[in-house]
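Look for chain A in each of the two complexes below; its partner is chain B in the first and chain C in the second.
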Partner chain A sequence: MAQTSRTLSRREFFKASGLLAAGALGGPALLGGLRTAQAATETMTPAWDSRFGVCDMCFNKCGLIARVENGVVTKLDPNPKFVKSRGMLCARGNAGISHVYDPDRLKHPLLRKGGRGEGKWQRIPWDEALDMAAQKMDEVREKYLPCGHLFTAGTDMQSLFVERLAEAYGSFNLTSHESLCLVSGSRAFLDTFGEVPFADVLHSKYVIMVGANRFEALVTPDSMDLMTAMREHGCKLVTLDPRYTKTAALSDEWYPIRPGTDMAFMLALAHVIVGEGLYDPQWIEEKTYGMEQLREHVKPYTPGFAAEQCGIPAEDIARIARELAAAAPASMVYPGRRSSDYEDSTQIRRSFAIVNGLLGNWDRPGGLLGARAVGLKGVPYDAPWYDDNHDDRIDAGKVPMMFEHEGSFMVTRDSILADDPYPIRGWFVYKTNPMATAPNRAKTIEMMHKMDFVTVVDIAMSDTAWYADLVLPSQSYLERIDPCSGLQGSSACACVVKRDPVIEPLYESRPLFDIVKGIAGRLDLGEYFDFTIEQFREKQLADLPGADGIMDRDGVYYNPSKVYGIYDGLVYKTLSQKVELYNQRYEQMGIDPLPVYTPPVQPPANQFRLVVGRNALVTQGSTTNNTLLHEFVPTNTLWLNPGPAGKLGIADGDLVEVSSAVGRQAIRAEVTDKIREDTVYMLTGFNTLSTQQRLAHGNGASIAEILDGGYDTVTGNAALHLTFVTVTRKVA
Partner chain B sequence: MHRKFMILTAAALVLGMSVSMAFALGGGNGRKGKFLYSKNCRSCHNGGTAADLSPADRTQAEWQATFSDMGKIKCSGDWTLSDEDINDIYTYLYDYAKDSPSPAKCS
Partner chain C sequence: MARQLAMVIDSAKCMDCKACVAACKVANHTPEGQWRNWIKLDDSPPRPGASNRKARFQPGACMHCDNPTCVAACPTGATYKDAETGEVVIDEGLCIGCGNCLPACPYHARFRNAEKRKADKCNYCPERRSAGLDPACVDTCPTKARVFGDINDPQSEAGRLYLANKERLARVVAATDTKPNMFYLGDPGPEHWAGEAVIPASMVALKQSAPLIKGIVALSGLGVLVMLGRQLLAGSGDSHSGSGPSGDKENTDA
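For the complex of A and B:
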C-alpha cells in the first residue's frame, strides 16, 4: 500500500493493472457496473455519456468506453473490466476517433464511370446500388454458375454474413484474410497438438520469440502478459530476428538470425533436448507419438550445423536449449501468428511446435493452452443446394492441406488468372484489402481486370475499392449493432463481447448486414437473412443465460471455464490421439512427417532480402490514412544497414529506388544498424493507388507492389520473405 | 490427395470387416453431404429431439466406425436416403471430423 504514496513505477503500474484484472474477474460487486460509475460522477456534472464498445483498429477486439458528447465521440478509453487487454487500450485504439471521423470516409454508394483504377465515380442512391449489385451477381451466376463468383471477407464481427451470402448464392469460393496471414502456423500447431494453441506467457519462465514481434505486433493479452512475466516473475525472453525490433530491444538476448534459417535453430534445440535427455520421459511416453523417429531425425542437426546456417554461436544454441528445457514445462517457443515467410513455412512452424512438444508444456501453466469454453452457440441455417454448379473451390487440390474454411487467396488469384479449372468473373469484397496486403499488386490488378463486376463494401476507398465497379459505404465499429463474438484470452479469460451503436451512423453508411440482406432479397434468397441481429444474438447466447445483461453492465461476459488440464482424461485431436512429433497424416500424404531443413536461397550479389514486419501504430493499410497515427508514423522508410549503404553511396534520408522482379518503388532510406547487412525492411500500407487516402497516397512505398508472389506449399498461405531487391540511390 | 487417401482407408476398412454394407464408404460429395445433413438430420439433431451434432464431435475413425455398422445408428431405420446420399453425408462428417485437416467450426 505504501506504493500509492510514491510515483507509480512501471513495475507497480503492471502490478496495479494485474489487480484491476483480478477485480474484474472477481465479479461485478467489487468494481461496480458502468452505470454505477456514471452515477458516481453525476454529482460532478457529467458532460458526457459513457458507452461500451469493442475496438476494431486491429483484430484483437479490445473493450472500450466511448465518451459521447452531443452525439459525437470525443474520447475513447479502455474498459477497465476488459481483462483480455488487461484493462488497456493501445495507441491505435485511442486513435479510433480519427477512423470514425476520417474526412476521407466513403459517404455514399459510388459507381465506377471510367476505367478500372481511373478514379471516376458517380454517386448513386442505395436502391439503385443494391439493384445493380444483385443484378450483376445474378448475371455472373447465370453465365458462370454459382462458383463463378468469389466472396472475400476480412476479420469482422459481421463477416459471417458474407459466408452466409456466398453459401446461399451457391459459391464455394470464399476466401478470408487468413491465407494472407497466419494459416501456415495454425496448420503446423493443429497438426502437432490437434488444435491451435494460446500461449500462457504470463506464467512462463522462458520464452523464445522467433518470427514474432510481440511488443510491436500487439496481441492481447500476450503483449502485456509477457511484459508482466518478465518484469514481475523473472521470465527470460530470447528473441531471434534479423531486425532489432522493440521486442528484441526488451529481450534478455537478441540474435540477428539469418533469414530463413529458423528451422535449423529449432531442430538443433530438439537435437540437444533429445540427445541429452532433457525431457520428462513419462510425458513423452504417455502424451507424444514419434519420439524414436524424431530422435533419429534430429541427429544431424547439431548446434554446430545450426550455427553455420543461422549465424548464432553453437554454444549459445546448446545453452538456450538447456535453459529452455530446465524451465519446462513453464517454457515455450512462442507460436507467433505472422504470415508465412517461405514456401516451407508450415514445416518451419512444425519445428517450433515439435520443440514445444518436447517441453511437455501443453495444457499446463506457462505453456501452450487449448481453447477454453466460451459458450456461444453457432447459428445454423439450411443452405440450398445447386446441382448445376462446379464440384469444388477454384483453389481445391492445388496445395495438399489448405484450410477449407479460409481458402488460399494466392492460389485463388493464380487460378482465376488462368481460368483453372473454370472462370470466375464476379467478386464481392467486405472490409479487407488484398490489393494492399497480397504480394505482387500487379497480379491483383490483373485479377480485377478479369472480373465482369466487383462490389466492395468498406468504410474507406481502399486500393481494392479503387479498382471495383461498385463501392458501398459501410459503418464503423462505433455506429452499428454486431453479433456476439467469443474471444480467447489465454489464461486471462474466455469471454464474449457484442457491439451496440455508440453514435448515429455517419453519412449514408449502412452495416454489411443490411447490404447483404438487401442483395439476398433481390436474389430471392431473403429467407437466409430473415432475422435481425438482436434475434441472431439471442440464438448465440441461448446457452449463456444472463450473459447479455452482464455485457450491458460490464461491456464483456466472462465464462469461468477451465484453463489448465482441459485435456485431462481426453485424447488429442490427432490421428494417433497424442501430440504428433511425427505426423502420420503427412506421411500418408507424401509430406515430410518431420521437418526437413533446406537452406534458403541467399540473395545474389548486391541484392537484399526484403522482410516484412509490424509497428504498434500501424495496422497495414487500414490505419495509414488515420490523422492521429499519421503524426507518429508519417511515412515508411527502407531500413538499410550502414555497411551496404556506404558501398552504395546511400546516406540516411536519401531517396532510393527499391526494385524486385515484379515491381519498383521509391522510398527514403533509413540507414540503421538495427538490421542485418543482407536484409532490408519497410512497413506495409503506404503509397496507395487510391487518391482518396490522402495521407497514404503518394507517400512512401507500397510493399505489395514489390513483393513477389510465392506461397507456402502445404497451405497456400502467402510467403512474404522470398523477394530479393536491388536498392539504388535515386537521382533527383 | 486427401480424398484418395480416404478412399484407400475406407476401402481397406471395408475389406477388413464383415460385409454388412451394401456400398463402400467414402469418396462422396462432402459439400452435398452438408446440405443433405442439414436437410435430413438437423430437424432432430438440433439439441432438442436428439443431440446437436457437428462433424467435429467425433474423430474420423469414430465416424468410420459409426457408419460401418449403420444398424447401430438408432434413427437409421427411419432414413429414406439413397446409398449415395448416405455416403455424401458420411463424407461430410468424415472430412470435417475433429481430427481432420479442416475441423468443422462451431456453427
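For the complex of A and C:
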C-alpha cells in the first residue's frame, strides 16, 4: 500500500509539473490531451451506430452487430440475442472487417484478355459485362442445348437465385459445394432416420466424436454447447482422430485411430451393445427395423477385431460401448459434418447412424433431433420446359444415391471432361471455389479449358475466377439486402434471419440478385426475377406475422416450435416407416443394406496418407488472404511425426516436397507428435494460383493440387482421404 | 469497499479459438504483430487414452495487479493503479515510451505500441464499457470462458463467481508475486511461463533513496516534460500528445 501511495504521489507530482510546464508555455494542447485521456474512462456516448447483420465468414450465419462510424465498420460484435451462436463471434467473424475492406477485393467487372490463368484482365463497364454474359450463355444454349451449361453456387443467402436462373435457363446441371463436403453423411442419416439430424450435445451425457473436430471446425451451437455440456453437466467426450486436435486435447479420452477404420470401431460398438443387450428392447421393437439382421451382421465385428484395425485396445472399445449405452438415450455418436473421406463414406457414416439407432436417442434430449418448424415459406415458380434439351443431369445415374439438388462435382467434372453423355461448355459460378476445394486441381483446370465461356461472381479473385472469362464483383455480407434464411440450432432454437445493408457497397460491386436479374432480362427470362428482395421476403414471411419487425428489433426471429417429441404419433420417412438399422431400399438397389467393413489400403512403404482438417481461423481459400487471420495462420505446414521425419532426415521447419500421383507442392514441415506416424496433414486454402490473393499466392502449399480425385460410390461425394504422398527434404 | 475490476476465467472452457485475441486486436487497433491479450498453450506431449486434466489453454492479458511492478518501474507516473476502479492505467499523455515497464511485468503483458511509441496493454476497453458493453474479448468469447466485472460487487457475474469459488481460485504464478487480479476457476492450465519482474536499477535506487534524490530525478523528468511540451507546441495544433518523431526517438532512447 505504501508503494502505491508513493507511486501515486510521483504521478501526481509529474502530472502537476507537466500541467504547469504546459501552462507556462501557454499550450492548450497538452491540457486537451490529458482531458481526453481522462474522459475516456468515464462517460462517453459511443461514437458508433449499431446495426444488425449476419456473419458470412463461414456457413454458420451467426448474428452480429456492426459498429459503424462515419459509414465505416470499425468493429463486429456478437448479437447477444442470437441464441444459435450462444451470443458469440469467433475470430473469423471478428476478421470480417478485413474481408470487407480487403484491398484485393474485386472492384469492377473484368474480362479475360490473355490465356486462361494468365492473369491478363481488362476492366469493362457493367452493361457490357451483363450483355456479354447473357450473349455467351445464349450461344452455349443454342449450340449445346440448355443442359450444356453448368451452374455452381456456394453456401449463400442469395444462392437460391442461381438455382432459379439455371432452371429458367433450362439446365438441370446445378452443383453446390456440398458434394465436396457433407453429402455422404447426410445420405447415411437420411437413409437411417428419414432426415438429417441436429445433435443435442447440450443435454448429452456422453459424446463420441469421430470424423469431426468440433472445437476447431466450429459449428453453432454444437461447439459451444459441447463445452457447456462437458464443463457444467459432466458430459464425457471421447475423440478418435489420427491428429491430436484441440478437440482431442480437450477430450476425456483420445485415441489416434488408424485412418479409414472408423467403421470397424462403430460395428464393434454395435457388437457389444447388441451382444450384451445394452439397449432398450421396447424402443428397438417399436421404432426400429432390422435388429435381427444387424445382430447377425455385427457378430464377427468383435472389439478384438476392431482393435487390430483401429489400433485402439479392445477393452477400451468394449468399455466405451458399455458407457455409451449406459448413458443412453442422452448419448450419441456425433454426426460430423464433413464426411467426404473414402469411397465407402456413406457406409462408414451409416455405421455411425446405426449405433445412434441402437441408443434410442432420436427425438430425445441429449440425442439426435429432427428439424424444427421454422415457418419460412418457399417462393415457388414454374420453370419453363424446354423440349429440345437433354433428359437429365450430366452426372445422373453414375452413382446410385446422389442428391439431385446438390449434384456431384467430382462426377460432373469427369463427365464434362469425357463429354459423357453430352458436352457442357458454359459455366456460371457464384461464391464457391472448386479450383481450391476439389481434389486434383489439374483436372479442374482441364475442365476450365473445356469451356467456351465461364462467368464467376465473387468478392475476390479466387482461383476459380482466375481461370474464368468474365469476373463480376459481388457485394460482401455487410453491403447487401438478402432474402430471409431459416436456421436450425438443435435444442437452442429454430430461427429466421435476414440481411440489410450495414454500409454502402464498395467500388462497383453488385449483389448476385441484380446480376442474375440483369442476365435473365437479357435472355428474355425477366419474368422469373420480376420482384425485389423486399417483396421476396414478404412472401417468405407470409406465415410469420410480426417476424419482420422482430428481426428489425432483435436481429433474429425465433419460432417457439416443438423441440423434442416431434415424431410422437408420426412415422419415420423411410421405407419401413421406422429407424432403418437395415436399409431395405439399399437392398433393392444392390447397395449393402448393412455396412460391410473393408480394411483401408495401407500406404506403401515410405509413403503417408494425406488427411485434411479444419482450423477455427481458416475457411478454406476464402480467408487465407485476410490480413487479420493471416497474422494467426501465416501459412500452412505439413504435420509430420518425429519418427518418420528422423528417418527421412527432415527437421522441423525444413522445406519439403510433398508429391502424390497427381501433383506436387513444396511446404515447410512441422515435425510434431500430434499426428500418427503413417499420416500427414496440411490446411487447405494456401498457395493460390491467383496472384490477386497476395497473402496466399506463393505461400505454403495447395492441398487441392496434391489430393487425388476419388469419390464416395453411393453419393458421389469427394473422397479426400485416399491420397498417398511421399515427402522428401528439398535441398535449397 | 473500493471496486476492483477483474477477470474471472474458466480455462477449462477455452478451446483456443483466438476469438478474444482477434476481437481485442480490432477493438484496440493494435499494430501488426502486437497483441494485448493471449492464450497460453499447454505443451505437454499428447498421450492416447484417458486424459488426466482438462485445461489445455489459458486466456490472459494484463492482470491489473494489486502489486503492480510496472507502476514501480514507471519514471513519470504515467502508469498508475486507479484507486477507484483497481485498474492499472497508462496515461498516454504522460507516457514517454521509455520501456521501463516492459520487463517490469512478469507476464509480458506490456509492449511498446509500434505506432504510438508508447506503452500499451489491456485497458478493459473503456470506450466499450462506457457504451454499456463488455470488453471486446469477453463479449465475443464463444464459451464465455472470460467473465469481467467488479469482484467486490456480489451482484456482478464476476463478483458472484469470485465469491462462490474463493477456495479454488487460482492465479498465474510468477517469480515475482504481483497479486494479479486475474482469477482462474480451479485448474488455470499452462504453468511456469511467467517470469520475474525486472525493474531498472535506477528505479530501484529511486524507490529506496532519500526524498532529495527522488526530487532530483523527478526534476530531470520535469525537464523531459518541458521538452515534450515544446515539441508539441512546435508541432501541429491537435490535441494528441507526444506525436513528434524526434521527441519519440529521444524518449525511446532514454
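Assorted remarks:
In the analysis below, the second predicted complex is superposed on the first by the 686 of 732 C-alpha atoms of A that agree within 3 Å, B and C clash if a C-alpha of one lies under 4 Å from a C-alpha of the other, contacts with A are read in each partner's own complex, and residues count from 1 in each chain.
One rule holds in what follows: a contact is a pair of C-beta atoms (placed from the backbone, for glycine too) under 8 Å apart; a residue touches a chain by one contact, two chains touch by 3 or more.
Remember, predicted model here, so these are calculated numbers, not experimental data.
Which of chain B and chain C touches more residues of chain A is settled by the count: it is C.
When the two structures are aligned on the shared chain, A:Asp382 is found in touch with chain B, with no touch to chain C.
Looking at the shared chain after the overlay, A:Tyr255 reaches chain C, while chain B stays out of its contact range. Look at A:Val72: by the touch rule set out above, it reaches neither chain B nor chain C. Of the two partner chains placed by the overlay, only chain C lies in contact with A:Ser223; chain B stays clear of it. Once the two complexes are laid over each other on the shared chain, residue contacts for A:Leu570 go to neither chain B nor chain C.
When the shared chain is aligned, no partner comes close enough to touch A:Ala418: not chain B, not chain C. By the touch criterion defined above, A:His405 reaches chain B but does not reach chain C.
Here chain B touches chain A in the complex through residues 1-2, 5, 29, 31-32, 34-36, 38-39, 42, 46, 59-60, 95-96, 98-99, 101-103, 105-107, going by the rule given at the top.
Note for the complex: chain C touches chain A at residues 10, 12-13, 15-19, 21-23, 25-27, 32-33, 42, 45-46, 48-51, 54, 56-57, 67, 71-72, 74, 76-78, 80-83, 85, 87, 89, 91-94, 126-127, 130-131, 133, 136, 139-144, 207, 214, 218, 221-222, 225-226, 229-230, 232-233, 237-241.
If you check the complex, the residues on chain A that touch chain B are 160, 172, 190-191, 194, 376-385, 391-392, 397, 400-401, 403-405, 573-575, 577, 585, 588-590.
Of all the residues in chain A, the ones that touch chain C in their complex are 3-4, 6-8, 10-15, 17-18, 21-22, 25-27, 29-30, 32-34, 36-37, 40-48, 74-78, 80, 85-95, 97, 215-216, 218, 223-224, 227-228, 230-231, 244, 246-256, 316, 616-617, 627-629, 631-632, 673-674.
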